[in-house]
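Each chain carries a letter (A, B, C and D) given by its place in the written order, and its residues are counted from 1.
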Amino acid sequence: MQSSQAAILHNKKVVDDYFRMRLSWSGMEVRPGQFIMLRVSDGLDPLLRRPFGIYNVIGAKKTTGFSFKRPTGVEILYRVVGKGTAILSSKEPGERINVLGPLGNGWVEPEEARNVIMVAGGVGLAPMLPLAQRLKAGALLFGARHKADTKIVAGFSGLGCKIKIATDDGSRGFKGFVTGLLAKEIKPDSVIYACGPAPMLKAVAVIALASGARCFVSLERTMACGIGVCLGCAVKTGAHKAGYEADGFSMVCSDGPVFDSTDIDWDAL
Amino acid sequence: MQSSQAAILHNKKVVDDYFRMRLSWSGMEVRPGQFIMLRVSDGLDPLLRRPFGIYNVIGAKKTTGFSFKRPTGVEILYRVVGKGTAILSSKEPGERINVLGPLGNGWVEPEEARNVIMVAGGVGLAPMLPLAQRLKAGALLFGARHKADTKIVAGFSGLGCKIKIATDDGSRGFKGFVTGLLAKEIKPDSVIYACGPAPMLKAVAVIALASGARCFVSLERTMACGIGVCLGCAVKTGAHKAGYEADGFSMVCSDGPVFDSTDIDWDAL
Amino acid sequence: MIKKAKPKVKIDKKAALALEVEIAGLELRNPVMTASGTFGYGSEFAPYTDLEKLGAIIVKGLSLKPRHGNPSPRIVETPCGMLNAIGLQNVGVEAFIKNKLLFLRKLKTPVIANIFGETVDDYRELALRLEDAGGVAALEINISCPNVKKGGIAFGTDPVEAHKVVSAVTSAVRLPVITKLSPNVTDIRVMVRAVQDAGTNAITLINTIPGLVVDVEKRRPMLANVIGGLSGPAIRPIAVRMVWEAKSVAKVPLIGSGGIISANDALEFILAWATAVQVGTANFLDPDAAVKVAVGIAGYCKRHNAAVKSLVGGMKARE
Amino acid sequence: MIKKAKPKVKIDKKAALALEVEIAGLELRNPVMTASGTFGYGSEFAPYTDLEKLGAIIVKGLSLKPRHGNPSPRIVETPCGMLNAIGLQNVGVEAFIKNKLLFLRKLKTPVIANIFGETVDDYRELALRLEDAGGVAALEINISCPNVKKGGIAFGTDPVEAHKVVSAVTSAVRLPVITKLSPNVTDIRVMVRAVQDAGTNAITLINTIPGLVVDVEKRRPMLANVIGGLSGPAIRPIAVRMVWEAKSVAKVPLIGSGGIISANDALEFILAWATAVQVGTANFLDPDAAVKVAVGIAGYCKRHNAAVKSLVGGMKARE
C-alpha cells in the first residue's frame, strides 16, 4: 500500500462518458477486485479522493497464483458522472496524479471446480477484468444502457470467458436487466461475482440465495479515507459475523469492497 | 462591459515566471490602463476572479483618439505568484475562460505638450503598453529584479518611446530602484504614469510632488467584484474630493485603478 | 468571438407561475433575491444581467448617516469562501433615497432596503424614513451589528435586544419586515422565536460567520479589522442546517442565504424549508449569477413538474 | 515509476529543538497532533507515514461500551469540506486497551485518548479506566455530545454541564486533561472559562460545525442522520477566529483544530495563540499529511530563525 505520485500514461475515451486511464505503478502486488483512490485535483475542490476499481494490470510477472506480481502499470475504467470524474477526463498523459492503493480485499478466489459467473452492470465491469484475466474461464454477463456502451466489454474477448450481454433498450443482446441472463445461467454450484448499481446487486443476491449458489458482491459507498479509519463507508452487515468490524457495520474500503452477499443487510443498503 | 466566455488564443511563457495570454474579444472599446477579471477555474477553489491589466490590444481599428475601437483580442502579461496564476499558466490555447471587463477608468489622457514618463516595476509594466501604443512618445523607465526579467520590455521597442532600465542587481542598466532613473528624468512639466509595487509608487509620488510634475498611479488591491459593489478594494483617498465615492475611501476597481497620486493617502496604503 | 454569457433559456408562462412565491405579503415572480452588500444599489449590475428577472433586489445595508467603513484590506479569499470586513460603508439613507432609489423605482422588481443601526432608535428612524420615501417594497433588518448602548454586544446574539429592535421597527411601519439573523448563536431557534414574537414577517438566515485569516509571512491578520465575515460555498452546509433548525419553531417564511452559487444550492435551502433564497458572494463570480439560479430553478420545476411553493420543505428525512 | 510521496527533508537537531512545545505538562517533539476520528487507532497509518515524527497521536473517540454508530450514508463532500455523521462508532474502551494500545505503547510518540459519554459518570469511568491501563499520555474530552440525562443538550454548549463533566474527570485522574470544545456557541469565551475553572490543562478548538446537505434529486438529506459535522479547510477561518477569541480569557494552552492541510494553515493557528495543532480531514487526502505539516513548520522556523514557542500568539494586529 502506498500513497504516491503516479504518471498518467494514457487517458482515452472509450465510448460516450466512459474513459480509460493508465497509471505508472511501482511494482506492488495487486489482487483482482482491489481499488485505488485518486486525488483528482491538487486544489481543495473537490476535496476528497475518488475511488476506482483496478481494471487492468500491466506488465505483471506471469504467476500461477491469484494475484498480479510486480506490475508496472494499472488501468482504471471510469464513467464521468460528476465534477471529480470530469476533471479526471481532462487530464493529459504525462501529468502526475496522486494514487493511494491498492486498497481493499479484492475477490475471493473460487475453488477450481466451481462454475464462475461474473455479473456486471455499467462501470461495475471495471473490477471484473483482472478476475477474468486470472480465471481465464467462466461467463461474463454484462448489462448496459444501450449498444454503444457495450463497447467497453471488448477487453474481455480472448480471455476465455463466455460473454453475454443485456441492454436496457435491447439494442444489443438480451433486452432487459442483466439479472434476466443470470437467472438462465445460474446453477447451485455456481460462484457469482457481481459489481454494479445497488438494485442490481440486490437482485443478484436474491437469485443466488434462491439457487444456493455462492455470491460475492463488490460494493460502492462514498469514501473519505479508503483505509478504514474515517468509518464513513459503512454498510450494515449480518450480526452473525464475529468481531468488531462486523458488529453491525462493516467498512466497504477495508472489510470489502467485496462481501459475501449473505453478509449484507440488503434492506439497509 | 461584459461577462463572457473568451477563447484562449495563446498562452506563452515570456521568461521565468512571466506569461502572456491572448484572449478573443468581442470588439468592445478598450482604454489604456483598463483591466479585466478572469475566473481561473470553473470550480470553487480559488473562488474569486483575478484582476489583470490589459497589456495589449489586438486588431483595433486605427483611430486618432485615446482608446482602442473594436479590438478582436486582448492580451495580459502576468506573473505566477500563487495558485490562481499557476492555474492560469497551465491553460492551453483553445480552452475557454470567463472574462469580465473592460473594467476601471484607465489612464488619464495627457495634454499634448506634456513630457510623458512611464514608470513601471515588474509586472506593473502590463498596463503601460497600451499607453505607449497610443502615445508613441515619451520615456519608459522600467525596474526589474534582474536582466532576464527585462525581456518583458521587448514589446515596447519601435513604439517611439525611449526605454531606460534599472535592475535590482545591476545585471542590466542602472543598478538600483527605478526611482533612481526617475529622479534624473523628471521635469516640472512632466506627466508621470506609474504602476508597480506600493513602495515604488509611493516613492514615485514623493518625487513627483517635489518636482511639481503631475503623477498618475495605477493601484492594486485584492478584489472580489471588480465593479464597485463589494467595497472590498478600498484605498484611503484625500478628503478634498467631493462626493460619496471619495468621502474617505475610493474603490480601486471602479474609481481607479488609476488615481492622481495626490489623491491617495499614502500612509494608509 | 466572445459570446454573451446570459442564459438564452426563456422562462415560459406556465413555468413562471411555478416559480412564484409570497414572502411577507410580497408577491415575488421567483424566489431568488440578491443578498445585501453583494449587489450594490442594483444599477451596477444592469450592464450584466436582467434586473427584471430577479425575485427581489436587496440593496447594500443603509444607516442614517453615510459611513466610511473600515480601513483596508477589507477582503481576503478563503477555501471556497471569502472574508469581508467592509465595515458597513454606505451612502446613508438620504443619499440612497435621493440618488439610488430613482433608478430602482422604475424596475418591476421589488426593492428591499437592508438597514442597520447602532441603537434601537436608529433602526426605527431608518424604517420610517424609507417608508415615507416610497418605492421600497420591504425592509430587511440586519441585526448582526454591535449595539453601542449595550457595550457593543450584537443585537443578533441576544434575544432580548433582538426583540427590542425588531419590535421598534414592526410597530413603526406598515412595510413588511424581514429580520436577518446572525448564525453566531448557540441555538438559532431562540432567536427565531424572539424576532417572531416581535412581529417580523419573515426571517433571513444566515448572515456571515465571523472568521480570521492570518498572513503568516507578515505575522498579522489579513484584514485590517482582524475579524471578518465568512461567506460563500464554504458556509452553505451550516446555513442550510440553520434554516432546517429554524423551521422547527418558525411560523413566518424563511429566506435562505449562504453560499448559493447554483440552482441546486438554492433548492437545498428550499427543500429544507426556505420559501425564498438570496444569492450573495456568487454575484462577484458572475454578475448574472442570481438570474441563472432562477433559470435553473425553473428547469428543475419543469423536470419535476412541481411549483416552487410545493417544494418548500420537501426534504423528507430517510426512513 | 511511482515514487514515495514521503518528504525526504530531515528535521535536523537544532531545528528539532525549535519545534518542541509543552501542552498540559506533556513535552511534544513538535506541535502537530492527529485529530481524533481521523487517524483511527494509529496503526492504520503505519504503512504510509512515520508515526514517530508526530507530536502526538489522538485516537478515535472512545466510549465505555462499543458503539455501532449511525446508519449509512455517513459522509458527504461539501465545498472545501466534508460532513460526517459517523455516530461515534468505536471499539469501546476495553477493546481499545486490549487490542490497540499494545501497538501504540511501543511508539515514542505520546498517545492521547479521546473520550466521550452520555453522562458525567461515563466520562469519569472512562478516564479512570484509561489511567489504570497505562500507556496513555493524556486524555482529550469530547464534550460535543448530547447529555442524555439533560434531554440531549450537548455538554459542550452549556457552561454548567461542561464544568461538571470536566471537573469529574480532572478530579478523578492525574493524567493531563485536554477539553475539546464545540464551536456551536454564541460566545466561546464563556465555555473556555467554564472548563478552565473545572481544571482542564489545555483546550482544543474547534470540533466540527453542524451542517446539512440536501440531495435535491432525491429530496432527502444526503446523510442518514440528516445533520453531520462540517470539517476541512472550509471551516478554518472560523476555527482560527475562535482560538484568537478564546485566548482573551484562556490561561491554559490552546490546541487549534479545523481545516489544517498545510504548514501554513497550522502556523495561522499558532500565530493566533495555539500552542499546538491537530490535523484531521487532511489525513484522508494524504495519509502523510500530519508529518508534512510538521516538516513544513520546521522549514518556516528555519527561514524565520524562530522556535515554535516564540511564534505562539505572534500575530500582531495592524497599526
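Please note the rule applied: a contact is a pair of C-beta atoms (placed from the backbone, for glycine too) under 8 Å apart; a residue touches a chain by one contact, two chains touch by 3 or more.
Computed from a predicted structure; not experimentally measured.
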Please identify the chain with the largest separation between its CA centroid and the CA centroid of chain C.
A
Roughly how far is chain C from chain D, centre to centre by C-alpha average, rounded to an integer in Å?
34
Centre-of-Cα separation between chain B and chain A, whole angstrom
54
Multi-partner residues of chain B (each touching 2 or more other chains):
44-46
Chain C, residues touching no fewer than two other chains
71, 79-81, 232-233
Which of line, ring, star, complete and other names the graph you get from chains that touch?
complete
Please give the residue numbers of chain D that touch chain A in the complex, ascending.
1-5, 37-40, 44-45, 47-48, 60, 66, 68-69, 71-77, 79-82, 84, 86, 89, 91, 95, 232-233, 261, 281, 283-288
For the complex, which residues does chain D have touching chain B?
79-80
Residue numbers on chain B that touch chain D, as the complex places them:
44-45
Sites on chain B touched by chain A in the complex
41, 43-46, 83
Tell me, which parts of chain A touch chain D in their complex?
1-7, 24-26, 39, 44-49, 98-100, 221-236, 244, 247-249, 268
